[in-house]
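Could you have a look at this structure, given as structure tokens, before my questions?
Labels run A, B and C following the written order; every chain starts at residue 1.
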């Protein structure tokens, strides 16, 4: 008779399912969940909601300036990372890099900056620059190098070589080749990914203050420490607002110019 | 930056008018300038900062991989990995119904809006912010982290899966329904085979993202290596911090490679 | 045995696809519906098993009033109605055998369906039908590996294994080349006669309709404008149906636009 799965298929299928289940159970056990907490969770959530509503709208005055600082941080962080990412992407792109060792160097910078979250970079830069927006800007910038650098070097690797050769053939030097042969081809993707990254950075910038790196996160941290929950609600709402706002701008710009 | 070459050459623009185009560009430039001005950083602070950076680096080396440190890193990373796995599985399971709710051409209007609402909500806040709330609700520890990551997963996974469902071939589903199959059977034969590869690919991809996120969730008390890292910074045990950072870096890279390999196999 | 009376279908967009269609199909009879694209042929066929909900009118299959059935009863009724689709409607990522056996879903429990645990009798019958449609040996091939003609043969096998009283056939050949079309039609009619199944077929190639059908209905703008034996379809009748357009030149853009507004509430 016909069977969809023969014996080996079945062993593999049930084996995979069992292994998956085992991993799940082991993972759960490893976490050492304190079930007593779970028993009070519904009470805590109710309590939290009760304290958070209604929001303290008067708090808006106090959070306005950290909120603006958050936006500035995101813009500066993105701008700084763009400046640094362009040469790094150039080095990391196989087809235009001056030397193959530089390709590895570029890719190394990209993976290191990419693999560590902005908030961890913020921990480091707070040690360097002390608490404040400066640390936040550097954290955003460094994390974004990996993001923009990766996408940009991939975009450069995919360019059509003919325009590049054409510019070279007319006697252009390296800079001419870059400006006339490469830039026009990657411009839409570049603008798209920069805008997209800025959008992400706003979201990131809202939390960097939790480790002292400036912006609205600082106020959020102190409001939580003081258990000032109506203020927390106001802060969350304000974050919601700027995130939606930035998403709108980013979507508009990407639709108009960007390719990502 | 890359916009320079268009300064000297009038070519057709994607904006309706050149006025609008310049308004957009100068708006961006103005905003950047404003940011520079607002946050103007004294040069000496930068110099001091980089000086401190040199000190920091020297106190980071050599990284502390001593026996105690290894033990703490091991515990933290195991927690982190466990959190990422549980959160991904929970998040993916919760996402599936939301994805159907948010599939425009299958869900009735009101259900669609509820589905999209859930997605938008869980995408808007940074995981750390949600983690703060959940730490308050279920206490400090990995459970808060798992709930956070599961919620964030819904926003990502349900969104992409709902797009996959919208693009699905409707006819295959209709053909199964036409045989008299019940809703569950129609799902199992008419829909699941179509979305399965993408489902697996996305799950693995999301695990990769959740793993990265679970390295930081401990910063606000959500369990995992993040809390170890945070406390090492607070106590200025920077050589231990570096050891943790190196471990995170290596594990994240391994995770990325694994996720890529699995996705290549299935897609 | 199939009796359609005053069938109307108005889409939510306001398009009237069917404006009161009535006709009958007798036992073991082969009835063709012809007409220009957009006449409502596909809608008519899809209304019979309620893949499309009729707005008004009644449909009887023997003693069962299909139009008034509950969802569960409808599923039982659908087991008696086999359907063959224009674009085949095979589930791409399932094997040929799974596709054929999906015709038995209406008789299986969900669990067995999910586990692919098919009754031996069904498997024996599936092999038999596959060899009738000349697809023996392809059991374990995935549906998307087959050619168009082969896929339609599998589609026919899936409909036949239901042991239906009637086959609804929606433009079975418009995705096939003329030679394959002819073969598929011959096969379809042979099987129907052998198994004693009535056929309601909607087709745009008039020469195929006159060759294979006992009875022909001409549909135009959602109304029946011709009704008669295949031999009675003369030039003036064709003229009435196609209003002077050459029917053979008719490029049938699949009636997709008509199908979009269905809502699936069964998921």
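Structural remarks
Throughout what follows, a contact is a pair of C-beta atoms (placed from the backbone, for glycine too) under 8 Å apart; a residue touches a chain by one contact, two chains touch by 3 or more.
All figures in this text were calculated on a predicted structure; none of them were measured in a lab.
Graph distance from subunit B to subunit C, where chains that touch are one step apart, equals 1. Counting C-beta pairs in contact across A-C and across A-B gives the higher total for A-B.
Here the chain at the heart of the shown protein, by mean C-alpha position, is B.
If each chain is reduced to the centroid of its CA atoms, subunit B and subunit C end up 47 Å from each other. Computed from the mean C-alpha positions, the centre of subunit A lies at a distance of 52 Å from the centre of subunit C.
Rounded to whole angstrom units, the spacing between the C-alpha centres of subunit A and subunit B is 8.
Along subunit C, residues 98 each make contact with two or more other chains.
Listed for subunit B are no residues, as none touches two or more other chains. Per the touch definition, subunit B reaches subunit A in the complex via residues 1-5, 14-15, 24, 31-32, 34-36, 38-39, 41, 45-46, 49-50, 52-53, 56, 78-79, 81-83, 85-86, 89, 124-126, 128-129, 132-133, 136-139, 141-143, 146, 212-213, 215-216, 219-220, 223, 229-230, 233, 236, 238, 241, 245, 248-249, 252-253, 256. The residues of subunit C lying in touch with subunit B in their complex are 49, 51, 75-79, 81-83, 85, 87, 89-94, 98, 102-108, 110, 113-114, 155, 158, 162, 259-260, 263-267.
Every residue of subunit B that touches subunit C in the complex is listed here, in rising order: 100, 105-106, 108, 169-191, 193-194, 196-197.
By the touch rule above, subunit C contacts subunit A in their complex via residues 95, 97-98, 116, 120, 123-124, 126-127, 139.
Across the complex, subunit B is touched by residues 23-24, 26-28, 30-34, 37-38, 41, 44-45, 48, 68-69, 71-73, 75-76, 79, 82-83, 86, 111-112, 115-117, 119-120, 123-124, 126-130, 133-134, 137, 179-180, 183-184, 186-187, 190-191, 203-204, 206-207, 210-211, 220, 224, 236, 239-240, 243-244, 253, 256-257 of subunit A.
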